[in-house]
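You will see two complexes here that share chain A, one where it goes with chain B and one where it goes with chain C.
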Partner chain A sequence: MRSRGSVRNTVLERAAPFIGFLASAVVLVAIVIVLGENPGRAFEAIYKFTFSNAAKAAQVLSVSIPYYISGLAVALAFKAGVFNMGVEGQYFVGGFTAALAGIYLKLPPLIHIPIVVLAAMLGGALWALIPALLKVRRGIHEVITTILFNNIAVALVTYFVNNPFSGIQKGVSLEPQTKKIAASAVFQKLNGLFRAVGWNVPDYVYLDYSLIVAVVMGLVIWFLLSRTRSGFEIRAVGTSIDVSRYAGIKVKKVQIGAFLASGALAGLIGLQEIFAIREFYTYSLASGLGFDGVAISLIGRNSPIGVIFSAGLFGFLRQAGYGLQLFTKVPNSVTYAIQGLMILFIVVINEVLIRVVRALRKKEAL
Partner chain B sequence: MDLSFLAFFLVKGLEISAPIAYASLGAVFSERGGVVNIAMEGIMTVTSLALVWGAITFHSIWMGLLVAVVSGMLMGLLHAVVTVSFKVDHVVSGVAINVFAVGLSRFLCQSSFGQETQSAINSRMFPSWLGINSLAFWLVPIVALSWFVINRTVFGLRLRSVGENPEAADTLGVNVYLMRYTGVVISGALCGLGSCTLFADKWISGMVAGRGYMALAATIFGRWDPVGAVLASLLFGYADTVRIVFETMIPIPVQFVQMFPYVLALVVLAGVAGKSRAPAADGRNFEKGEG
Partner chain C sequence: MPEALLAMRGITKRFPGVTANDGVSFDLRPGEIHALVGENGAGKTTLMKILYGLHHPDSGSIEIRGRPASIRGPREAIRLGIGMVHQHFMLFPPFSVLENVTIGEESSVAGILKPAVPRRRIRALVEENRLAVDPDAKVEELSVGQQQRVEILKILYRGAEILVFDEPTAVLTPQEAEDLFRTFREMVRQGKGIIFISHKLDEVLAIADRITVIRQGRVVETMDRASATKPRIAELMVGKPVLLDVERPPFQPGAVVLEILELKIRSSRGYLVVDGLTLSVRGGEIYGVAGVEGNGQTELVKAVAEGLEAESGRVLLEGRDLGRCGVRERRARGIAHIPEDRQKEGLLLPFSLAWNIALGRHDKPPYVSRLRILNEKAVRERARATIERFDIRTPSEDTPANALSGGNQQKAVVAREIETGARLLVAAQPTRGVDIGATEFIHRQLLQARADGRAVLLVSADLDELLALSDRIGVIYKGRIVREFDHDRAAREEVGLAMTGGSIHA
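This part shows the complex of A and B:
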């Protein structure tokens, strides 16, 4: 039976994201006022662009899909004490290998779709392999190696898209891109399904197979972390390497595994843009999604469930930014600054609350 | 290859190395005091905007320099508050500050110049010497000074002691927090100086392009020593110069030439690992009066 004190402590331990969110909202209001705009009007603009109708809400969900996968990828690595800053590069490479599978394989859709998903995971994991090995074998901090690998990834896919796998016909001026994805690998929209259950999602919103991928991956990672032995080992390593080693956990193996799995997830980030929206691959995919994942993971406290909320928050903020830009004097870019501020608030408040809880426990123990 | 080309290459290489070198000197100050500073990338993002903004607003590139250095110190202070006082993991804080810096700089750029991703053109330049930004040459006295401060002064000894063993330093009456704050703020100032050697004509979002991280790699390769860190930065900087100068001349695809500095940094790191030892308390938080 849990005492009232332990319930209070649990609540306190989990309150950081909410307090951080509120603090950032206060800052947003302050900025809005400083810029000479009426906060009421700003909130109205945000509401209009996010939840005022089914189409806008569906759009928030749609843009949250890659955010969720990215946050999940970073979170899994964080759980094992690995800072995977290479999600950006793994996403570019994973998307590229998936695109190759989508363009050049001739398969029925039922097989082709899972194959491209696997190809994306394979490419992402591959790109995480060398930083993972350098970390556990040579002790080089993964933050530096993965950042270097991001830069190499951009150059590499730029080369591939321009040269061996270019799909541009002569005389047509387009940005460098691959050939079109085969029809059997294109991610279809699920909008009809949502309409059937009464959610009026218009055709221009992309709620495609990548939503299923995100949901399945979320469930798998949640199950892995909270219900399996490997998940326990990952969390143990992330909590204390020394204790884990003492308990007989093979720390290096766990860290490599989590790193590669994180890379595999990162490979999936681009699926929506490549297979549903564009139907070809280009190196000018939405950049920065990998780094957003770090923020999303931290705000969601590195948990597969917490990341649902923080990814949704990022999707919401993105649409809110458009609303502000369109209807008020507040620039869209304010949302980026707010996102950064929110993480800082949350990590600081989190640390403070941990101390408060520790002090309270000490007091109770006396 | 004639002599004038060689001279051009040598001087150009110094200019290209300078931002990384200044930042890696900054990292030496921060990390010798025990604070890992991954936030340098973000700090330089902000200071490079501050430079252009200061130069345009006050009609003087030297005011730009001042604004850049002060904003660097403020960003450093932020990292110090979060890590030293609030004891957040240094890498988490650094990553958070980098995300914040991207947003902050874009927001400030849009507020001051009406565009999110690039500023107005700044026509005021630093005086040039031998055809490059003369600030690149300041590197020589500043490295010498840094070496002297870290290895031959009381402050340097105290800074190193809180990076190696903060508990012992504390027992001996050294103010651990103050030392660590100072180290991180100095690194912010040096990041500000480094961004003055980047491009002064206009600010573009993303123009720091990983130099903050390259500087960290240089610091490790340089074994946390000011001279070593700068020599490592020169290696990376000249690798980049090779890329820029020879990009169009070498018969291999340009993208592979672009990878060269990064691959070089990786190989160097892999080679030097194990031989290079970080300050013992680097990245570890210190709590006064516990235990």
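This part shows the complex of A and C:
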């Protein structure tokens, strides 16, 4: 049975993101006032663009999908004590390999879709492989190698899209891109399904197969981390390499495994944009998603469940930014500042609360 | 009687759910060493934190040299002449002794450092207090004992008259402890007062003028050394009679379990830390390894329990060469390991006690199913049984390990390793920083393992512990066993001498 104290401790441990959110909302109000805008109007604009109706809420969910996958990828590596700053590159490469599978394979949809997903994971994992090996074999810090590999990834896909796999159709678009994804690999929308259960999601919102991919991956990672031996070993290695080694855990194997799995997840980030929205691959996919994942993972306390909320928060902020831009004098860039501020608040408040809880626990144990 | 340097009266400090100090009165006279003893969690640290201004008492008063003082923070404590030497040093390793001592109080003219003045003062302090250390040496090049001297210099430099030492000998060799006590005597001769916190009752009896015992936040008794005996203090601390000398049934050696032959290990710096070490341990035997820290003990333990790579030589378990086996395989073959540093190596501190008890066997049934899925229920059930059997004090098995006291953390590690039923138990510093009650308990567990016919390789910096428990003691010096003593032939002085490389036969 759990005591009242342990419930209080758990609440305190999880409270940081909420306090940080409120604190940054206060700062937002201050900024809005300084910019000569009415805070009420600003909040109205935010509300209008996020939760005023089913369509807006669905849009928030839609843009949160890649955020979630990215946060999950970073979180898994973090859990094993690996700093995968290469999610960005893995996302570009994974997306590219998936696109190749989507363009050139001729398969029925039932097989083609899963193959495309696997190809994305394979590509992402492949791009994580060399930094992973350099880390465990040579002790080269992954923060450096993965960031460098991001640059290589961008150069590589730019080359591929411009040359061997270029599919520009004259007169249609000048944007460098591949050929179109085969119809059997295109991610269909699930909007009809949602409408059937009473959620009125309009056609222009992308709630496609990538939502299923995100949900499934979230469940798999949650189960892996909390219920399996491998997950236990990942968490142990992330907590202390010395203790893990002492306990007979093969630290390097665990680190490589978590690194590759993180890369595999990263490969999935672009699925929505490539297979549902654009239906072709280009190197000008949304950039920065991989780095957003670091912040999302951090705010979500590196937990597959916590990341649901932080990814949702990022989706919300993005839409809120559009709302502010359109309806008020507040520029969109303010939301980026607020994002950064929120991360800062949460990290600091979290540290403070962790200390408070530790002190409380210590006193209980006496 | 001279006026008291320090008088704390009726100090009470409550934390949510616990009264850490309950009407504690404590005083210190000039020229006195006053020992403060008590189990972990008894309230010694809280009392000292109040003295140092880190906590503020709920009630009670403090007088320094007869003047009421309200100490709001360490800065004020220092101004009042209170100095504290913590167990964990607070030094900047790449800086020189002089820089470390003067930090925050650098002597400078127009921003340019003028080290000559402090250097003279430090030299004088070194001289007066027998604190052999070079002001211009870099701290990272000093031994632990010398680093402690830098800490002492730091507080003397700031004019401390009331000096608090929190378990200062825990990290020292017997020789260094002797040196420290000589310094103590010098300092009290100059009229300073020393508060000495220690678990080692022999030391307390050897050096203290008065002894105050606290238990569960209250002062049980303050006594003069003349009227103090070891069993009496121990009983006051624990609240019930303690068997200080655990009973040791006769030695019944079985077959050789561990054999180490001509082991050589090269350190990362390129010299041989273990240099042709040979020893063997039988079933039913406790083999104690005595030595000054840094003579290859850590590497010896790692070579046996974790397969630290050796340059040459062999390690055999029940006649089979362990070769390059990893930790997992070693554990499977029957090696249990109580690590030197429970916090750094032995426990996943944020994890629950239950998982820490399963650690190392977490990959075996019943903790995992064949599909490698964790069985949380089995983990918790087993943990509950272990907690019960080994009397680990914890609110529940879900409590994170970092919330337990040091003694209970160590009990959990010992319990876990004993329960593996391994043929060989490698115990490195099993009672370091652990209170009397837990120490007695751990000693009994080691003897129980011996009675069960297991082999125990015991590495300890505590010579008394080795003398009390070991059937044979091997003295390690510069990476090899230089002498071996049988239990009844091991005299404290002779073993101590061998530890420093000296020998009557050498």
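Following the convention adopted for this analysis, the second predicted complex is superposed on the first by the 359 of 366 C-alpha atoms of A that agree within 3 Å, B and C clash if a C-alpha of one lies under 4 Å from a C-alpha of the other, contacts with A are read in each partner's own complex, and residues count from 1 in each chain.
Here is the rule we use: a residue touches a chain if its C-beta (ideal position, glycine included) is under 8 Å from a C-beta of that chain, and two chains touch if they have at least 3 such contacts.
Not measured: the values here are computed from a predicted model.
Once the two complexes are overlaid on the shared chain, A:Arg227 sits against chain C while remaining clear of chain B. If you count the residues of chain A touched by chain B and by chain C, you find the higher number for B.
In the superposition on chain A, contact of A:Arg195 is made with neither chain B nor chain C. By the document's definition of touching, of the two partners only chain C reaches A:Lys250; chain B does not.
By the touch criterion defined above, A:Leu360 lies against chain C but remains apart from chain B after alignment on the C-alpha atoms of chain A. Touch criterion met: A:Thr239 reaches chain C, while chain B stays clear of it. With both structures placed on the common chain, the touch criterion links A:Lys179 to neither chain B nor chain C. Residue contacts after overlaying the shared chain place A:Lys56 against neither chain B nor chain C. Taken in their complex, chain C has these residues touching chain A: 15-18, 20, 41, 306, 326-328, 330-331, 337, 339, 344-351, 355, 359-360, 362-363, 368, 372-374, 393-396, 398-400, 402-405, 408.
Contact residues of chain A toward chain B in the complex are 35, 83, 85, 130, 134, 138-141, 143-145, 147-152, 155-156, 158-159, 162-163, 288, 291-292, 294-295, 298, 331-341, 343-344, 347-348, 350-352. Listing the residues of chain A that touch chain C in their complex gives 2-3, 5-6, 227-233, 235-236, 239-240, 242-243, 245-250, 358, 360-366. Note for the complex: chain B touches chain A at residues 38, 78, 82, 86-89, 91-93, 95-104, 106-107, 109-111, 116, 210, 213, 216-217, 220, 253, 255-256, 258-259, 262-263, 265-266, 269-270, 273-274.
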